[in-house]
Amino acid sequence: MSTPFHLTHTREVAFGDCDPAGIVYTGKIVDFALEAIDAFWRGRLNGTGWFQMNVDLGIGTPFVHLELDFTGPITPRAPLETRVRFARMGDSSVTFEVEGVQQGRACFAGRFVCVFVEKATMRKISVPDWVAGHVKGLVQAGQ
Amino acid sequence: MSTPFHLTHTREVAFGDCDPAGIVYTGKIVDFALEAIDAFWRGRLNGTGWFQMNVDLGIGTPFVHLELDFTGPITPRAPLETRVRFARMGDSSVTFEVEGVQQGRACFAGRFVCVFVEKATMRKISVPDWVAGHVKGLVQAGQ
Amino acid sequence: MSTPFHLTHTREVAFGDCDPAGIVYTGKIVDFALEAIDAFWRGRLNGTGWFQMNVDLGIGTPFVHLELDFTGPITPRAPLETRVRFARMGDSSVTFEVEGVQQGRACFAGRFVCVFVEKATMRKISVPDWVAGHVKGLVQAGQ
Amino acid sequence: MSTPFHLTHTREVAFGDCDPAGIVYTGKIVDFALEAIDAFWRGRLNGTGWFQMNVDLGIGTPFVHLELDFTGPITPRAPLETRVRFARMGDSSVTFEVEGVQQGRACFAGRFVCVFVEKATMRKISVPDWVAGHVKGLVQAGQ
């Protein structure tokens, strides 16, 4: 399939995101990826991102794993496009694949795994049905 | 004049921008204001923001003063619009006025003063002519 | 009195705190000042900082005003010492004065004003008695 | 060997590092790990961290890979200790292992790989001799 990454999050890159090397600081790149995943949830779940899950629904989705390969520097000279897709769903976990691109040039690619928990107790719960429905369809479609 | 703030910078507010109070952390609000000022420069100077000034032109614009009044919390439930305008130009300084708004509700307002310096020496310089021309006209027009 | 700033918060300055100008980014300086104020509360109130107030006691202390003058760049070549003292207490507000110094060289000085609120409603409350006792004595002593 | 992690970096965790879940935001954890690696370089190389490499020596060390497992939340109720050690040295790369702990409880563990580059061109270079000497001995000693 030619465009497996369904949602793309575009953001400006700012001077303050860069370090003395003149490129975006590694820590900021992780922030950008996280921001794109949050936007992906909102886009997939009718506006329900981490804030709504946490504050309105009492659900947390802490990450248990993340990994990133950095293949090129990110510069404020162009916007950053971060593509996100669901890669896998377990009983209580969801795996995202992310890919950052500037003007067609790959900057980073990686994988983030979160688990669903009850916010009050931090105990694992199954992926809620109203989420799982969305995810399942998209994992099967490779999106 | 009804809309003195000429450029408005709009950004999403993310879960990670909020603290345990469930609203945007004070430090992040300053980041949002700074980001809007940088975008204002780019909008006013044909794409020349802090990064280009610093890296391409050897010019710095460190802030010597900032002040902000916070009039309402900022939430991830709506985008943040930050309006920026030039308020004053001195020999080597420029003063910005900023105003943050969510869905018509005022969140913050403030003033930021920067000075132009030669990057290599950090010594003050006059506002470069190619900048001053733009600024002067807009200060007079109240924009 | 020669040392009116009673508590000094010392922190390393990191590469990632700096921007392409090779000095600490303006937004980060505000973060450093805020961090020092939080540490000041903890130091003054037997370990009760913003987190404990918010999460354990249901009290918020949002800032309603901040202002900073920047008098010199901050570099990762030395630690930053931020001195904090209480300057004033109103019915529901507390004003802090902060001063940042590196190796005896002043970097910034400013004033931060917060108000006490009930977290659930965000409504202003009087400075709680157990806080006011501490603050009053120290404001009088100029500390 | 009982204490393979040679250098431990301790830092306070602040209110502003936490998100509405009341624990440290994922992006901040990566920042903490990076900060510890920078401190590790300074500790190993007589004060030469990323800033000195970059600004004084014209050397960059961009990360090409990072991965982290998160095993427990990080709270502002206790300091965070991040242990760092060299795990491997390639021709131009160095691999770090990091481990974050709060009061004896494991919070995260991971691996970061950086490559040495000439700052001006961003081209890979061999690990400089004055660095490699330090690293080699410590990799062999498992530190």
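Points to keep in mind about this one:
A, B, C and D label the chains in the order they appear, each numbered from 1.
Quick note on the criterion: a residue touches a chain if its C-beta (ideal position, glycine included) is under 8 Å from a C-beta of that chain, and two chains touch if they have at least 3 such contacts.
Bear in mind the structure is a predicted one, so any value in this text is a computation, not a measurement.
Using the contact threshold fixed earlier, the set of chains in contact with both subunit A and subunit D is B, C. The interface at A-D recurs elsewhere; of C-D, B-C or B-D, the pair that shares more than half of its residue-numbered contact pairs is B-C.
Comparing chain pairs B-C and A-B by the number of C-beta pairs in contact, the larger count belongs to B-C. Here the CA centre of subunit A is 34 Å from the CA centre of subunit C.
Distance between chain centres (mean CA atoms), subunit B to subunit C: 23 Å.
With each centre defined as the average position of its C-alpha atoms, the distance from subunit A to subunit B rounds to 29 Å. Along subunit B, residues 15-16, 18-22, 26-27, 31, 34, 50-51, 54-55 each make contact with two or more other chains. Of all the residues in subunit D, the ones that touch subunit B in their complex are 15-16, 18-22, 25-27. Residues 12, 14-16, 18, 22, 31, 34-35, 38-39, 49-52, 54-55, 75-77 of subunit D are the ones that touch subunit C when the two sit in their complex. Those residues of subunit C whose C-beta lies close enough to touch subunit B in the complex are 19-21, 23, 26-27, 30-31, 34, 50-51, 54-55, 60, 62-71, 73, 119, 122.
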